[in-house]
Structures are given as C-alpha cells and as structure tokens.
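Here come two complexes built around subunit A, the first alongside subunit B, the second alongside subunit C.
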Partner chain A sequence: MTKKETEWISIPMTVDVPYRFAAGQYLTRCLTELRDNGKLLAVECPECKRVQLPPRIVCAECHVKNGRWVELGSEGTLVGFTIMYLPMTDPTTGKPHDPPFVYGSIRLDGATSVLDHFVHVEPDLAKVWIGMRCSMVLRPREDRIGDLNDILYFDPLPGQKKLQA
Partner chain B sequence: MKRNVAIIGGGQTYHKARRHDVDQAEMVNEAVRSALKDAKMTIDEIDLVILGNMEFFEGVHMTDCWLVHGTGAYGKQGLKITTGGTVGATVVCAAAHHVASGLFDKVLCIGFEKQEEGDTGAILSGVAHPLWGRSLAGAAVGYFAMLGSSYMAAWGAKEEHSAMVAVKARQNARKNKYAHLKLDITIEDALNSRMLAYPIRMLDMCPASNGACAMILADEKTAKSRSRKPVWMRAMETVHNEQFELDWRDVLTKRSIFSKVCASRLYKKLGVTKPADYFDVFEVYEPATWAELLWYEDLGLCGPGEGFKLIERGTTNIEGPLPVNPSGGVLSTNCIGASAMLRIWEAALQIRGDAGEHQVPKEVRRALTTAYGGTNWTVMTALSKTLDD
Partner chain C sequence: MEDHKNDKTFEVDQHLTAHGRYYAGKMGSRFYISLRDKRKILGSSCKQCNKTFWPPRSICTFCFSELKKTVEIGPLGTLETFTVVTYDEPIHPRKAPFIYGIVKLDGADTGMAHLIDEVDFEEVRIGMRVQPVFAKERKGNILDIQYFKPL
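So, the complex of A and B:
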C-alpha cells in the first residue's frame, strides 16, 4: 500500500492597490523647489534649531511649528552605507535595481537629518567608507517631476582616499 | 501600578516557515488553547481579548473581526493592536494597563503572524514615509546593514562579532522545541553564508516565521488564587522617536535615542542603578545580529562601543553571567506580531523555571524584555518572580 500524502489547499491571489500620496504643504514646497530650481530645502525648528528632512510642519521634539526654510548644500558626508546584493524592488518605481549596488545615508551640509540614497561608486569596500564626502546629482531639469527620484544619486567628491583602519 | 498585574499562563505554537496545515484562526487557536490550559482556565472566564498582528502581512486585515472564533473574543470586549515589531509587547502593555486600572481582571493577549500567506517585504514598504522611507529598495536588511557598517566603523568591531551573535542564537534555538531555525552552525558557517547587504549575511538575519503566542494577565487576587507560579509585571515603558530625525544607525549620537531613554525611565521606576546586577536574564528584540550588540549598550549592560566585547567574552551565553535570548530570540523565530510577546513569555518561562532545555542554569528572579517597532520606538517590560523582587 502506498501512503497517501495529505493535501492542503492554498490559493494564490494578488491584491493590487492603487495609491496616491498627497505631499501636503511642506513637502510640496520642498519637491517643487527641487524640481524647478534644483535646490533641496529643509526646515529649522525655532526652538531646538534642528534642520529637518523631509520638511514637516511640526517639530516632533518641541511640538512647535517649523517656520524657517533652509537651503541645504549639495554636498554631504556618508554616515552609513551598505552594498546590496539582493535584487530588491524599489517600491517607488516598482523596478528592481541590479545588484550589487551601493547605497548609503548622507548628512547634507547644514542638515541635522540624513537622507538615504544611492552612492555612485563601484561595490567595493575599498571605494566606499563612512566619512566619505559626496555631492548630490540631480536629473536634468526636463526630466524632473517633483519626486525624491529627481535626485539620481550621490557622487563621491574627487581626490579622497579611504583611511586605513 | 494602581493594581498589581501578573502573567498567569501562556503558550505558543511551533514556529515554522510553512503551516499549510492550518488557516489563521486554527493557528491562533493553538496558542489560545495552550495558554488557557496552562492557566487552567476556560475562555468563559476571560473578560477581554486583545489581538495583535501586522496589517496585511497575511494579505488581509481586521483579523480581530474575522478570526473571532479562533481568538475566543466572540461576545467579549476586544481590541486590535498593530505597532510594527512591538505589536506583541504593546498588546501585553495594553492588557496590563487594563488590568491595573481595575476594569478587567483576566485579559487574554494574542500575537500572531502567518507570513507565508502574504508578502511581508512588499507590505513593509508601506510602513514608512511614502517618499523618504520607501526609497532605495533596502527594506529591513538594508537598514540593519547600515547599522552594522556604522557600528564597525565607530567601534572597531569585526564581522566575526556579528557571527558570534548568529551562532549563539541558533545554538540556543536548538534547545528550544518551539523555535524555527535550530541550526548547528559555527562562526565559519555564519561568515561564509551568503552576503545579502554588506555586512549582513544570511545568518545575520531573522527568518520569516509563522506562529502565534498567547498569554493571560490577571489582577493580584486572581493571580494568587489561581496560579501556582504567577510572574509579576513590575514595570513597562514605551518610547518613540521620530523617523529620520534621530537616526538609530548613528551609533555615536549624543542625543537621547528611544532605546536608551526607555531603559533609563524603566530603571528609574524600579530604582535600578546596575541593570547587569539587577536582572538575571534578558530577552531582547534582535531581527539582525548587530541589533543585539547595540541592545547590550543601550540597556547599560556595558559601556558604549563595548557590546561586541560582551559577545566575544561569552558573557551573554546561556550559561554566562548575563544570559541574553536563551530562547534563540528573533534571529531564530520571527513571527512578527508574536515576536515581541515571545520575548515576554520566554522571560516569564525563565522566571517560572519552565523553559525546559533552554532554562538558564541559575536562579531567575528578574527579567527584562525589549521590542523594536519600525526603527524608532520600543516597548520594554520588566518581570519578577515575587512582588518583593
């Protein structure tokens, strides 16, 4: 007698959810400025003076209205990074990036917050390090749509060398 | 607390990658029945049922409504809680508040996740800011990878240290009959496992598990009359930070980060100055190896930048002076909505002396548990054997 394998029914289904993100007052200003003038704006809290990204109406720590807009420099410092080996889908585009690729957390000059983005270097530990200086590279004006993807990636500034540990 | 609260029973399912043999209600009911049996109670005696899981991780939501037969909430007061990785701890925290308030005497807490039915990665992309938080295809792996790279750069730790955490978790899990990843691995195995996102390798990350945990919390009078081994909830604390503004990956930050603030508030409530002396066992929320090393530091078990030295010395091994995650932790079992509750339940089992093969070989009177929700908040719970501890 052959042993009959237990059968369990499991039905594949797909849930496709359309979605429209309303950027609101503060982020709309930030994104239109990025699109139209290629500048990244942050907001400063009147009390704690933290320069915050993404711009938001209220400082969470002080619970006061953020009022002063600050134009950030296009250069910053890498404060964390990874070399990604998984072909993960970018949820903002629906497309996978070809691994391996480098992305990191960049603190732009003048900002308290960090911004996560691609770092335009070879996926080689000798070529990327914490403390590396980078500059923001935008899409050409005609291709910018008012999205975070208007920033293409961060380029390492020339003439730097990784310090040996 | 206004009224003392105790854990008077609990239970969990076996945790696995595949549970095609049960639907969600059947799986949740396994944990519920096991908790009721442990507490020697019937569902009729329960005043309130609090259920927690992550919305849509199973491709469905409002599980509190349609799993009502499995949870036992039919005709009872009920609540649903979803707070990211903290879910299970938030459920217990809410239950403890309900009992402490005097409005409820016996509360059933349930946390579960049946990840195989949904696409956790896809749904995770919706848990953060739609522009700033979703970008870059990094998901949780990418986030912990950046934590690891900044930790190594700041303190001089090596990949070998994260491998030691990976080995400790899976070797402990081998002693835990309910754990998912029971792997007989070595440091070399961990270091040779597939690179996912530098410096995170396959064995540095938690699995996607299916499973459920349930616990029954009761007031002091009920606990003393009904339970031989009540475990007391001595203090709870929750702290949020704002995402992006206070970055957890910045291990050198001088600002007050959620995990450290939460620990210091909890210690103040308990009058603890030396947590390493005060607590006998720890169950921390470590979806990745590097997170455990950071917990050692944020909980004050060592100084900043010394976490990797604790694992190197074997201090946090099951038989070490400061056992951390004798159950195998989240690295061995991650059924998200249950994971933070499992930390509390496993700590309670240690205090009861009922942990079985993974019972730490010393007297356990006090335990501390933690949870992560998203990347910017935590719930901590301190448990004790008696009300004098």
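So, the complex of A and C:
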C-alpha cells in the first residue's frame, strides 16, 4: 500500500528575461521612420505585389528581393479582434497589460499584411466589429523610441455603426 | 542599389516575463518535505538496477519501472565537476562570481547541480569531498540546502 501524501510541494517561478535584438536593415528603417516622422513604411514584392509590414528583405513566397518602399496610411480596417480577459505581457516592458481590453489585427490602407495592436474601444461586442475603420494613434514625437509601442493604439473612426447581421 | 555601409545598428529592447509554478509531484514532494522538516536528503532506488537517483524520481531511467522506495543519502558527497560563473544572468540565483558544481552524494548513483561555496576559485577541484549547508529557515525548495562546502 502506498502511503498517502499529506502535502504537495509546488514552487512559484517567474522567468524574467530582459533582452535586445538588432532590428536589421529593413526593420531599422521602418522603426526609425516611425519614430522620427510618424510614418509607417512597408515593402512591396516586385513579383506578387503584396505589401509587407513588418518589412522583409526577401518575399517569403516569391523568394525575390523586396525593393520598393511604400508609405502606408494611418487608417485601416479591423480584420479580426479578441477581447482579452487575461493580462497580456507587454513584450517591451515585461509588465502585464490590465484586462479587459480589445486586441485586434488591423490591415492598414495599402498593406497586404496585418498589424496586431490594441484597439481603443470599450471591450463590448456591440462596440467593436470586423470591418471597423480605425486610425493609428502615435505617442508624441519626444516619447517615441523606435519600437512598436510608439503606436499607442488604434482609435475607431467616428460616425460608424456596427451593421446588424 | 542602396548603400547600407553607413547604416548604424539599431537595437530594440524587449522584456519577457513568464509566471509559472513548478509542481514537485509525488516523489519531489517527499524529497522537499523531508529536506525541510528533517534536514534529510532522500534518493529513490531501483532494486532491479541497483541504482539510487538524486534528485529522487518515480521512474527508473534504465528499466522504466516505477520507483516507490526512498532511501536517505548523503549528506556528504563528492564534487563530480564544476564551473566558475563569471558573468551575471537574470536567471542565476547569485551575483557572479560563484561556482556551480555537480555533487554526487554518498549512496547515490547520480549527481545534481548545486552551488559550491566557502572555497577559493583556485582551490576547487573535481573529486573534492563536500558537505551541505542547510538553510536556517527552510521553505521546501532546493535552496533549503544553501550550498555545498568542502569538508
């Protein structure tokens, strides 16, 4: 007969790793342009014409070098979203972002790929929908440091309503 | 062709934090409770293979049979290998410099990593006999043994 254990041991553990990555040629241009001029730059593939953000040197589908830089608009369309009820760790600070909040994928005008960011709207399914038009809100110039948090969030454009399904 | 020779490197700071919990399990709980309450170090032994594992595990590495029997091992042991850590990492339990060693306790057939202290970096050597220093306030984790020191 096995003796019944009276106590189970468990140990809380926190992995805390600050790190730093070199942005490389294309992402550097994208991030510094965002920081200095508040513009979001993407690259267009000469073959399939898709516009990638974050910019990549090589198109992963056509295997050709992306050379043409395209400035994206600051407005876009929400193509997917989630209402977060659990805290999400901010990858730049390691601190949790307090729930509930709306996190979504935004296709900026002119881009093929989407950008995931906070959507500045009440976490209410009646107030956020796929197809909602949003505009990018940046940090003030002096606070921008050249990472994705230079974009604070996406604001819904005023005067639009959720269509009844 | 664009010229990138004069581009400066641009680096982005990131920070990962993951909260988790380590569950010691049946064997691990026995090990930590005995360490905390009695200052006794337990290993688990396989009768068939005639091997004793430290830290204790509930499955034998060699024959995969279930292990239920624990035996007291140590507290004295032998330093199997070591490294002097000279740089800081957030994951390290101490500030550098310090020594990590693999200690094989008397009565065990496997060694385990722990801190080695109270020895000069020049004098630590493989095969050195060591003894554990128990923490005064023990909390049921592996740092209930603060470190191993030479006899």
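We take it that the second predicted complex is superposed on the first by the 148 of 165 C-alpha atoms of A that agree within 3 Å, B and C clash if a C-alpha of one lies under 4 Å from a C-alpha of the other, contacts with A are read in each partner's own complex, and residues count from 1 in each chain.
Keep this in mind: contacts are C-beta pairs under 8 Å (C-beta built on N, C-alpha and C of every residue); 3 or more make two chains touch, one makes a residue touch a chain.
As the structure is a prediction and not an experimental result, all values here were calculated from the model.
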Quiz item: If you stack the two complexes on chain A, which partner ends up touching A:112: first (subunit B), second (subunit C), both, or neither?
Solution: first
Exercise. Between subunit B and subunit C, point out the one touching more subunit A residues.
Key: B
Quiz item: Does subunit B (first) or subunit C (second) touch A:54, or do both, or does neither?
Solution: first
Practice problem: With the two complexes superposed on chain A, say which partner A:28 touches: subunit B (first), subunit C (second), both, or neither. | Solution: second
Quiz item: When the two structures are overlaid on chain A, which partner does A:89 contact: first (subunit B), second (subunit C), both, or neither?
Solution: both
Practice problem: Determine, under the contact definition given at the top, whether A:98 touches first (subunit B), second (subunit C), both, or neither. | Solution: neither
Exercise. State whether A:146 touches subunit B only (first), subunit C only (second), both chains, or neither.
Key: second
Quiz prompt | Partner chain(s) touched by A:12 [first = subunit B, second = subunit C, both, neither] | solution = second
Quiz item: For subunit A, which residues lie in the overlap of the subunit B contacts and the subunit C contacts?
Solution: 8, 10, 13, 15, 19, 21, 23, 27, 89-92, 147
Quiz item: Which subunit C residues qualify as touching subunit A in the complex?
Solution: 4, 7, 9-24, 26, 28-30, 32-33, 68, 90-91, 140-141
Quiz item: Which subunit A residues qualify as touching subunit C in the complex?
Solution: 2, 5, 7-23, 25, 27-28, 31-32, 89-95, 146-147
Quiz item: Tell me, which parts of subunit B touch subunit A in their complex?
Solution: 20-21, 56, 59, 121-122, 125-126, 129-132, 134-139, 141-142, 145-150, 153, 156, 194-200, 242, 244-245, 247, 249-250
Quiz item: Which residues of subunit A touch subunit B in the complex?
Solution: 6, 8, 10, 13, 15, 19, 21, 23, 27, 50, 52-54, 60-61, 79-86, 88-92, 96-97, 103-105, 112-118, 125, 129-131, 147-149, 165
